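These notes open a run of structures that come right after.
What follows is subunit A paired twice: with subunit B in the first complex and subunit C in the second.
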Partner chain A sequence: MLRNWLPFLIYGLFASGITGLMLFISFALSTRARTKPAQQGLPFESGVSTGAPTRQRFTIGFYLTAMLFILFDIEIVFLYPLAIVLDKLAWFGFSELVVFVGLLAVAYVYVWRKGALEWE
Partner chain B sequence: MIRTPAIDWLTLAPSLALLAATIASLMAAVLVPERRRRNVSWFFCLAGYAGAFAAAAILFDRSPHSRGVIANALFRDRYGALAAMIVAGVGLLTTLVYYGERSTVDRVGERFALLASAGGGMILFAQSANLLTLFLGLEWLSISLYVLCALERERPEAIEAGFKYLIVGGFSSAILVFGAAFVYGATGTLNLAQIAGKAPSGDLFLITGLAMILVGFAFKASAAPFHTWTPDVYQGAATPVSGFMAGATKAVALLVALRVLSVSFSAQEHLWTSAAAALAVTSLVVGNLAALAQRDLKRMLAYSSISHAGFLLFAITAASSLGTRALLYYLIPYGAASVGVFALAALHERELGEPATLDNLAGFGWRRPLSGIALWIFMLSFAGFPLTGGFVGKVYLFAAAYRSGWTWLLIVGAVATLVSLGYYLAVVRAIYMRPEPGEKAAAKEEPPLLDRMLSTAVFAAVIVTVGSFFAVQPLIDLAKHAASQLPL
Partner chain C sequence: MTLPLAHMLIVAPKREVWWIGAIEALVILNALLLTFAFMTLIERKVLGRLQLRYGPNRAGPFGIIQPFADLIKLVRKAPFQPDRLIHPALYLGAPVLSATMAFLAFSVIPWGGGWELYGYQIDGQVVNVPISLVVVFAIGSISTYGVLIGGWVSESKFALLGAMRTGAQLVSYEVALALSVLGVVLMARSLSLTEIVAAQHRTIWYVVPQIVGFGCFAIAGVAEVGRAPFDLPEAEQELVAGYHTEFSGMRWGLFQIAEYVHMITVSALMVTLFFGGWLFPVLHRFGPIWFVLKLAIVLFCFIWARASLPRLRYDQLMNLGWKVLLPIATVNAVATAFFVVLR
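Then we have the complex of A and B:
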């Protein structure tokens, strides 16, 4: 009974391992100054900003492109399982694949003609 | 080799026609020159709905026996075909009304693509034979409608409507799919026909699933107490879209609810009939009382549609073949009158350039005599007066409830009908018996803009609303054929 859950345990270990690794690497490889930044040593003056704002803002165009990327990226992921069993599904699978890619192409033409891919 | 399902193209034809229309009008929206964009997109949407209607009629004719097709994902039967015909009819009229709605040039084609898409989803939803296709159809129609509501993003009300509908609609879909998961857990199948009898009828998971699925449907049908999104959404969305939601979305939500309950949960009938009765009474009370207090026409109609959800739920409460017939019949005049009345609201808005209220409707009946007559025909049909299909529909629903022993529900329904006269007749009073304000009289001088598409749609809606009173027998026969395929 418990043996049935072994794949889940391995899956869980992988999931937490990869996440942990990513967190660790971003600390280990970061290019932060080891010493305290000079600004932290400055006396605090109320109301006067002592340096450039540290928060960066992205333009809206970034989000649009990112969203479109994710949309099409996720759709492409669906092609992998289909590719694996395509020879078993034969023409049925192939026609399904063509329909799917065709629908994606329609969406792509729309996005393209709408000008969402132009970077302003 | 993996065994692949045989495709029954005729069953898919209505939704495929609308899917093709969606793609064609979406492509027209970006590839056709701006000047002709509206006409071309509109034409594809209209052709899609006409094709879907024709395909559904053929499907109705050629499906004398209910059976599951395409690996039991869809039902091929007359019940689904008639639902598809109702959706396609309402969609056809809405397309006509939507043509003249003002819009910015860069989104003039998309709205027709979305309208066609919503109809395609509704038809798939109505034909679905397992909980997965059901959810797929529901999301297809809902996502199209969310975007359609918020399409005119220049108007803050449209954004509000789209946002509220998105949040509440997403929430309700989540409840429904969670319920489906419970049902799957209890029975081990998603197939509607196989759910019945797989688990003991008192199984806690199954009952929980049933309750959650019922709540999901109640949200979509805007039955109280799950109606709170309705007034804001109907008020904020483009007026033809509100008519479409009242006429088509509510119809499929109730039809699919009745199908799921009767096919999969026949053993729990005593539970869901009581639940439907409770929903019906709440909807009647909330819808009617709140409608009395409204001054904005679209908001008033939204509450009226909530109260109609109450009346239509009588059919589910009755859980009988007569109730199913009554529901199918009543949805025909109700759908026509919904599109028609919102079309007239749209006409009035376009003339005034501001939302239609009971106050600024003053003199409408004298200024536009034919539209005035149409408006009171729709109001009388909603109220259930003779000479309109609404009368026959209500009589049928009441008879079904009575036959199944819900006498007290009948009394609530009768009182609700009396109360509803208060606001339906208030509209008739407003358009004829109120003095026209002076500044509005000046607007009279201008030549009235004639929208031939809108007039055609209103005329067709009047024909259906009145015609369904005189042509009861053929329509009842259609409903009877469709209803006989549900196990009630």
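Then we have the complex of A and C:
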């Protein structure tokens, strides 16, 4: 079983090696200006630059989305093993599935009615 | 439970040595890089033709060496970086992480039935594990970290906004994507992509019974790789580029590689899950050729969609993911489960 993962490791080493090499080559072969333009390192701004942002505040929606993602992604993680053995569990497994999805549907309707899925 | 047909198609293991896996890994990685390079060219060519113009045709005949010209330009760019980075190592590491994980996700995709050569067993995929479908999703999700780190570390308003925008989009569609393939898993009773391909050969291509799941997968897949009409991560005409605003040269190029390799991986996954993978009703011996042909068709559809469809607004994007695709995919999964148990 563990043997099957050895090619994965080798492949991962090659993949990181190739991407790392690309980065290295871009530094080795790149052109460099003799004097660095003064404005080059400023963060991008379409207008008058006020320098780097000090503190940023975000719409709560992003955080909510992240939490909802964790909730529903774990649901799917639980459903995968059940999906493989469902034909052996037959109707017992199916009823369990319906109960599980039903509970999540309640949570989903609650989240929807509360307006957590709205973006303006 | 072993199946006679699976035995016919997948040759029993004979002698497996680690360096065959290493050679396969190198071949596949280089094939991916080459596909990426020419995808950039083909995309521009096809987009050009669809918009009644020529596309790149200056570098070599039909612009065939344009990708290499682009590569040289990217490599030669001055390696400047923003003055006020949060951490230089993270700034350089983010694109490398993104691209590496994009490559790694492809490693479990089967592209052939396996061959026996001089007594050595050559597998039809680099990594043959029983949970390969989960591996694709797991590794693919790590790429999101590259995006978030890249946007956050460059300490710029637009990069940070773009990273948040992209992160929220990717995690939203991850849910719909993972749920839409649940029907396929239910029908094949396996998470191994090799097994799913074999199961489709025994019955029927899953695009027929799982047409709803396929629709969800196609939409969520396009959104997951951030391609038009869901290309809000870039949105170069309306918004500032996004998480890679402060990246240039090859560091930007690595993000680009990640995006294209993701697109290839999702296309390959679509072929494997819904269109019978490397198998075709006739001429099994040409497994990889069928695979590449199917892959090419799906990739063309990606470009076609980019040329034809207008970009969604951000609230429309989130609504589609959470309020449309998620319920449909869930209902599809439960309905599939019902029919699987009924049979």
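In the analysis below, the second predicted complex is superposed on the first by the 64 of 120 C-alpha atoms of A that agree within 3 Å, B and C clash if a C-alpha of one lies under 4 Å from a C-alpha of the other, contacts with A are read in each partner's own complex, and residues count from 1 in each chain.
The working rule: a contact is a pair of C-beta atoms (placed from the backbone, for glycine too) under 8 Å apart; a residue touches a chain by one contact, two chains touch by 3 or more.
Quantities reported herein were computed from a predicted structural model and do not represent experimental measurements.
Peer 1: Of subunit B and subunit C, which one touches more of subunit A's residues?
Peer 2: The partner making contact with more of subunit A's residues is C.
Peer 1: In the overlaid three-chain picture, which partner chain does A:90 touch, first (subunit B) or second (subunit C), both, or neither?
Peer 2: Once the two structures are laid over each other on A, A:90 reaches both partners.
Peer 1: Please work out whether A:114 is in contact with subunit B alone, subunit C alone, both, or neither, and reply first, second, both or neither.
Peer 2: first
Peer 1: First (subunit B), second (subunit C), both or neither: which does A:106 touch?
Peer 2: first
Peer 1: Given the touch rule stated above, what does A:29 touch, subunit B (first), subunit C (second), both, or neither?
Peer 2: A:29 sits against subunit C, while subunit B stays out of touch.
Peer 1: Across the two complexes, find the residues of subunit A that touch subunit B and also touch subunit C.
Peer 2: Touching subunit B in the first complex and subunit C in the second, residues 85, 90, 93 of subunit A appear in both lists.
Peer 1: In the complex, go through subunit A and note every residue touching subunit B.
Peer 2: Listed in rising order, the residues of subunit A that touch subunit B are 85, 88-90, 92-93, 103, 106, 109-110, 113-114.
Peer 1: Which residues, counting only subunit C, touch subunit A once they are in their complex?
Peer 2: Interface residues on subunit C, with respect to subunit A: 16, 18, 21-22, 24-26, 28-29, 33, 74-84, 92, 95-96, 99-100, 103-104, 107-108, 126-129, 134-135, 154-160, 164, 167-168, 171-172, 174-175, 178-179, 182, 185-186, 189-191, 240, 245-246, 249-251, 253-254, 257, 314-315, 318-319, 322-323, 326-327, 330, 333-334, 337-338, 340-341, 343.
Peer 1: Mind listing the subunit A positions that touch subunit C in their complex?
Peer 2: Contacts found on subunit A: 3-8, 10-12, 14-16, 18-20, 22-23, 25-27, 29-33, 36, 40-46, 51-53, 56, 58, 61-62, 65-66, 68-69, 72-73, 76, 79-80, 83-87, 90-91, 93-94, 97-98, 101, 104-105, 108, 112, 117-120.
Peer 1: Which part of subunit B faces subunit A closely enough to touch in the complex?
Peer 2: Touch residues, subunit B against subunit A: 1-2, 4, 23, 26-27, 29-31.
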